[in-house]
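Input: one structure, supplied below.
A, B and C are the chain letters, set down in written order, and residue numbers restart from 1 in every chain.
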Amino acid sequence: MVLFGAFPMYPLPPSESILFVIYLVAITAEAMSGALAAGRRNMDIFGVAVIAFVTALGGGTIRDLILGRFPIGWTQNPEYVLVVIAAGLLTTLIAPFVHHLKRLFLVLDAMGLVAFSLIGCSVAAGMDYPTVVVIMSGMITGICGGILRDVLCNQVPVVFQRELYASVSLAVCILFLGLDAWGVDTDLNTAISFAGGLTLRLLAIWRHWKLPTFSYQDRWD
Amino acid sequence: MVLFGAFPMYPLPPSESILFVIYLVAITAEAMSGALAAGRRNMDIFGVAVIAFVTALGGGTIRDLILGRFPIGWTQNPEYVLVVIAAGLLTTLIAPFVHHLKRLFLVLDAMGLVAFSLIGCSVAAGMDYPTVVVIMSGMITGICGGILRDVLCNQVPVVFQRELYASVSLAVCILFLGLDAWGVDTDLNTAISFAGGLTLRLLAIWRHWKLPTFSYQDRWD
Amino acid sequence: MVLFGAFPMYPLPPSESILFVIYLVAITAEAMSGALAAGRRNMDIFGVAVIAFVTALGGGTIRDLILGRFPIGWTQNPEYVLVVIAAGLLTTLIAPFVHHLKRLFLVLDAMGLVAFSLIGCSVAAGMDYPTVVVIMSGMITGICGGILRDVLCNQVPVVFQRELYASVSLAVCILFLGLDAWGVDTDLNTAISFAGGLTLRLLAIWRHWKLPTFSYQDRWD
């Protein structure tokens, strides 16, 4: 079930090659999302680079720390660091046109969420962690980059308040593990889980699906 | 002096069995505190689950990271993850009645603070860290869950501003290590330290004991 | 090129002895900066101690975590913990006079930034990480303490918005690695990089040099 570990290069089985390309698209999209958030706080271009880096590679970093997986992924693939910093800085140049790309951007971000989740599941499963931890590893990889971005930009993380996002990550992880336990071939499983997760996320955006909200205003403690 | 490591199950010496029960009560109480904080930010139920998890198990996670203790505690005991998420979600259902439970809640939270501190001391002592680090390990376990909760809810951590809280953790750690160095039996020591810490915390709430505050408003740097 | 690892004591080569003294000055200055930030949030003296500790030793802690370097530096040198907590608490006493020391304080802080950056480079280089990671290790050591301080004080990190700060760290790391690759003796290299970085930072403060800012206010996502 191991999809890819430290991203060994070719030859890879089909699902890995495709997921690797999607991974590159995903970290680029996440880096751009980080750069825009930094711009909303009027950061300098160094801040833009840091937030882009943290948004794109922070989820995988936290996953590797929690799983005790050293060396941490990006330290062995520094070209990813350069990719996300370049994507962040480029965003400052094309920002005036980004709102024309809103739909493309949302699709790329959704692809990233699903790809990150599948990769996170795969990494923890390859280390023989219990199923609950495998699922959490997928979710941590999928959502923690965005959480770090929002904490550094001094706002409540949007993943806790918007359309289905983290729950898409959860659904993808459960679907993938379920099909795997059912004996489905990993390539096919990856394709099904990816398509299913992407569909769910795009439907959630389009139809404004949200989880129930919990409001509690009584400040007695 | 090792109280418990990765929570091996029975048979345990008396202090461990009791501390284990208190630990379960404590993570439940902390998860509920996290859920209420999430409700104050109008998070969805996924956010509630995350904040409950982070509040209850985040302190131990940071301790294990800092001590280099892998695998991290909860990854080997995924049932704790399910307990704290269940406690967090349940809180959204009973929230309208929670203010009737204010006193019970404060007592449970105080028990959690003291139990977490004793466990944190014990874990670091079992790894032969210097005394200063053992004390800090107890405090990290006791207070970092609440700090993470407040950072994710975008507010200044309350442990830095309210009635004696972190200082109770410090006092418990010093008392426990002092009695241990004095040769007191670990079961007795645990009972004394627990009772002493709980008493101090409850007195602090009742009498509004606070540490001196430092105010500095001059923004020259 | 290893400057110092876990701070083995004397005898050290000249650059290490000097850098060690500067390190002590630096963590003291950073602890004071943390204490003042805590005072702006009206924290109690315990909060002051925590923020002082995190500001002074948090950068090195995050570096060690990311590099998988256990045990973490300060856990083997608990006297540093006592130094920074003492510096933080002392700051609450001398705060009324601190604004008279503004210039001294800025110089100490600049020395700390440069010393931390050189130490961070050296640590990662000694672990055979790729050059990009060595540079990032220097920057993480230099700036993450201040980022943690600002996150815990619930504000957008100032290093992303002010006069050249993180970029000084970057410049120091690149200069140091460049001279090292060029075969310059480590003692001389340390002296040159330190002087160059300090000069750049002080010039940036004096002349209000800033990086270009990226502002983006369109909230479409």
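Note that a contact is a pair of C-beta atoms (placed from the backbone, for glycine too) under 8 Å apart; a residue touches a chain by one contact, two chains touch by 3 or more.
In this text the structure is predicted, and so the values were computed from the model without any measurement.
Contact topology of the protein chains: fully connected, every pair of chains touching. For the self-contact between chain A and chain B, the two sides draw on mostly distinct residue numbers; the shared fraction is below half. Centre to centre, using the average C-alpha position, chain A and chain B are separated by 30 Å. In chain C, the residues that touch at least two other chains are 65, 151, 154.
Taken together, the chain A residues at the contact with chain B in this complex read 65-68, 129-133, 136, 147, 151, 154-157, 159-161, 166-167, 170, 210-221. Chain contact summary for the complex, chain C toward chain B: residues 33, 35-36, 38-48, 50-51, 61, 65, 70-72, 75-76, 78, 81-82, 92, 95, 98-99, 102, 105-106, 151-154.
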